[in-house]
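Chain IDs A, B, C, D, E and F follow the sequence of writing; residue 1 opens each chain.
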Amino acid sequence: MLTHINESGRAKMVDVGEKGETLRIATARGRIKMLPETFDRIMNGGVKKGDVLAVAQVAGVMGAKRTSDLVPMCHPIFLTGVDLTFTPDEAAAAIEIEAVARTVGRTGVEMEALTAVTTAALTIYDMVKAMDRTMVIDEIKLVQKSGGKSGDFVLEAE
Amino acid sequence: MLTHINESGRAKMVDVGEKGETLRIATARGRIKMLPETFDRIMNGGVKKGDVLAVAQVAGVMGAKRTSDLVPMCHPIFLTGVDLTFTPDEAAAAIEIEAVARTVGRTGVEMEALTAVTTAALTIYDMVKAMDRTMVIDEIKLVQKSGGKSGDFVLEAE
Amino acid sequence: MLTHINESGRAKMVDVGEKGETLRIATARGRIKMLPETFDRIMNGGVKKGDVLAVAQVAGVMGAKRTSDLVPMCHPIFLTGVDLTFTPDEAAAAIEIEAVARTVGRTGVEMEALTAVTTAALTIYDMVKAMDRTMVIDEIKLVQKSGGKSGDFVLEAE
Amino acid sequence: MLTHINESGRAKMVDVGEKGETLRIATARGRIKMLPETFDRIMNGGVKKGDVLAVAQVAGVMGAKRTSDLVPMCHPIFLTGVDLTFTPDEAAAAIEIEAVARTVGRTGVEMEALTAVTTAALTIYDMVKAMDRTMVIDEIKLVQKSGGKSGDFVLEAE
Amino acid sequence: MLTHINESGRAKMVDVGEKGETLRIATARGRIKMLPETFDRIMNGGVKKGDVLAVAQVAGVMGAKRTSDLVPMCHPIFLTGVDLTFTPDEAAAAIEIEAVARTVGRTGVEMEALTAVTTAALTIYDMVKAMDRTMVIDEIKLVQKSGGKSGDFVLEAE
Amino acid sequence: MLTHINESGRAKMVDVGEKGETLRIATARGRIKMLPETFDRIMNGGVKKGDVLAVAQVAGVMGAKRTSDLVPMCHPIFLTGVDLTFTPDEAAAAIEIEAVARTVGRTGVEMEALTAVTTAALTIYDMVKAMDRTMVIDEIKLVQKSGGKSGDFVLEAE
């Protein structure tokens, strides 16, 4: 059953009022692949190291807070913490983005972690798109989740 | 040179006041891969066909309008039109998302098209995540772009 | 006494910190009246049945979440659930909109239910306004409310 | 034809890039009916005259600016002006709300005027709901519209 | 140690999930200085007394609710109450703005009180800037704070 | 006459539809004063130099884009560029913030430049408030403005 669908077959915001408030943590990951010279410019070139990533970091945190504004059936949530990490993959000319979202609440924070990752990726894209139109945002997925009645989850082979 | 970086090495919103107002169109694409039973549920199962995609469609259009709220150095823009298309890929248990954004303005609309795609993908994810935690949002990229001084662009092999 | 007015006679956001967290539910209703041909087009015509209403449904849910952004003295709230139902009234060429909002919190959710109804009505209006400029949004009211110290409420003759 | 529907029968934001930029004005009207004592309190009672309406005025102007955030297929717009007028109707214990929205642009501003009216009405509702749960927001409609290719419109009998 | 900085030296939204929910109150203050004739116009002139301040009051309350949208590392919060007071200082041709924010939650509300003050000040500025370009917004500071583990705080000499 | 006040003495968003589209630039400035050890920590201490300021820079740019959401009678605007500069004043243990906003439009961008400055200042405040509760945000003012019918403006002694 798709829980987000009501009796008329239309979308609703599922009621979570019965669920208990528990500590919930979700980790999502994604990557943005680019030309080697674009990668090089972000990591080393011309500008103070990491500035593009500093902006993407802020965007990711703010994006996580906007999740319920963007994703229609998502509950508004009191996020207690958000953090992002960027890991350069020089061989692939890619930057791996990981976001961890936390709350003490009635719903999970998977969507917040995923939105942090996509917003950070879009921000990196925006800041270097003048020099590279072939970038690809890729492999955005949930890698871990804890808290809530449905139990913990760890993506295999991670 | 990264145009979004100022003389102190910090991020700025690049001035586009000198640019002319031209018709600009951008097309972005991405996909969300899932378990075959999740794919089947979205396409045929139980609920009115397409309802998940109807919500994702609305979310994608609204997401495009929020681009400059989410992506820090993006200009606010008068979007003149946004449309999304979903193409099911049954063999891969994936849904391909394409978004076209248009404006008559001083900056391109690549970020708007890309944000429409990611927001639609996140919305599909949200609505079926209760039955599938292994979904992956993938291959988000610009496929076409016209208008503006930098000339037209068509991604090869598309 | 108007609780939203402070000692200087100006508006304030009333403090609800002393109130207990209880389950609160509110149901609001409204309708949009139109020309018979407009009604017919929405319900049966040309496009996939219900598409206008599917968009209005999403808009209503998202509107409920924006209530405290729109209504100045409204408290931000953790909505636990929102659902909308559309009932066609063919004789009157009208669509009745009902929204139910729920929370576990310190303030009621009447405004959220009412905002869901008005946002859904405005969305229907927007999508068919090209063919009908005489539509009227009407009879928006609270029909039921439970939870909170002021006790339950049911509008008479409903 | 419903212009907001694409070839797949899904909603889109109609492209207006071909339309010319013209001066566009729209006037919308609505009313909120209440108990005589509620009406009296708003107009004369206890607090500085008009304070509830001053808040509703601000909310209406700000609501007009949020229209494209709320109504999914509405275009973002450069509103050049918004004004609201409140006319008390003592016999009916109602307050009539009129909003005029203006722009120089490619799309009309009916939705902005209507959203100003509904947001102002919701704000009045919110500020006095503690003393009156039987209020009704009513007769929200477009009364006049000028500019654009579809020509001027004046609601009959207004 | 700057708590908002993660191990990579980048900004994060600090996790407050371990903190208890307590009653938290913060009071902030600021002022806007102007030409004597501007001050006179706001306080007595031509228009209904206090109208500029009524708009600033609403803006301040709404600004407080937008704090976590504006200040990147701020937590979203359930504000239970916000109030603003304006005190004219005729000798200095200045208006003093005080805002009190309250919540029952895991983080303090200093930023909400400060944002209410700055938003109110910017609103006053906006409404009279056509007649005075020399206004200065000044002395914005926290004057009192209670609740939370770090203990109460009262600014000296206040 | 206060242009933001309508005939009933209430606030309106002044119509600027008659004004021409011209290049408009505004520069605003402000400062945040703190304890010497707080200043030292931001400039040199422990973390990668400048990280607090990098976050404030992003917040300032994004804040400028939110101006018309925050300041009730401000027009929505197509900002063509925003840039911020931070100048440390070691002797005073203060950081000076300057923001330049640009547009090609019908209204000035003073409020956008001022909002960029206040948002950046609030962000610095937020990130170091755990170690210093005595910070003061100060001297926020317009220092220069060009474009528009009212002519250019340069604050004396700047």
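Following the convention adopted for this analysis, a residue touches a chain if its C-beta (ideal position, glycine included) is under 8 Å from a C-beta of that chain, and two chains touch if they have at least 3 such contacts.
By chain, UniProt protein names: A, B, C, D, E, F = Cyclic pyranopterin monophosphate synthase.
The structure presented is a predicted model; accordingly, all values stated were derived computationally and were not measured.
Asks: Both chain A and chain E are touched by which chains?
Replies: C, F
Asks: Which chain's C-alpha centroid is most distant from that of chain F?
Replies: Farthest by centroid: C.
Asks: Does B-D or B-C have the larger number of C-beta pairs in contact?
Replies: B-D
Asks: With touch defined as above, tell me whether chain C and chain E contact each other through largely the same residue numbers, more than half shared, or through different ones.
Replies: different
Asks: Express in whole angstrom the distance between the two chain centres, defined as the mean CA positions of chain A and chain D.
Replies: Going by mean C-alpha positions, chain A sits 37 Å from chain D.
Asks: With chain centres defined as C-alpha means, what is the inter-centre distance between chain E and chain F in Å?
Replies: Comparing mean C-alpha positions, chain F is 15 Å from chain E.
Asks: Would you mind pulling out the distance in Å between where the CA atoms of chain B average out and where those of chain F do?
Replies: Taking the mean C-alpha position of each chain, the two centres sit 31 Å apart.
Asks: Send over the residues of chain D in touch with two or more other chains.
Replies: 10-11, 48, 50-51, 54-55, 58-59, 62, 66, 69, 72-73, 76-78
Asks: Once you've mapped the touching chain pairs, tell me: line, ring, star, complete or other?
Replies: other
Asks: Between which chains is there touch?
Replies: Listed by label, chains in contact pair as A-B, A-C, A-E, A-F, B-C, B-D, B-F, C-D, C-E, D-E, D-F, E-F.
Asks: So in the complex, the part of chain B that touches chain C is made up of which residues?
Replies: Those in contact with chain C are residues 48, 50-51, 54-55, 58-59, 62.
Asks: Per the contact definition, I'd like the list of chain B residues that touch chain D in the complex.
Replies: Against chain D, the touching part of chain B is residues 23, 50, 53-54, 57-58, 61-62, 64-66, 76-86, 102-104.
Asks: Give the list of chain E residues in touch with chain A in this complex.
Replies: 6, 8, 10-17, 68-69, 72-73, 75-78, 105-106
Asks: Given the complex with chain B, which residues does chain A contribute to the contact?
Replies: 1-5, 9-11, 30, 41, 46-48, 51-52, 54-55, 58-59, 62-63, 66, 69-74, 110-111, 114-115, 118-119, 121-123, 125-131, 133-142, 145, 150, 153, 155
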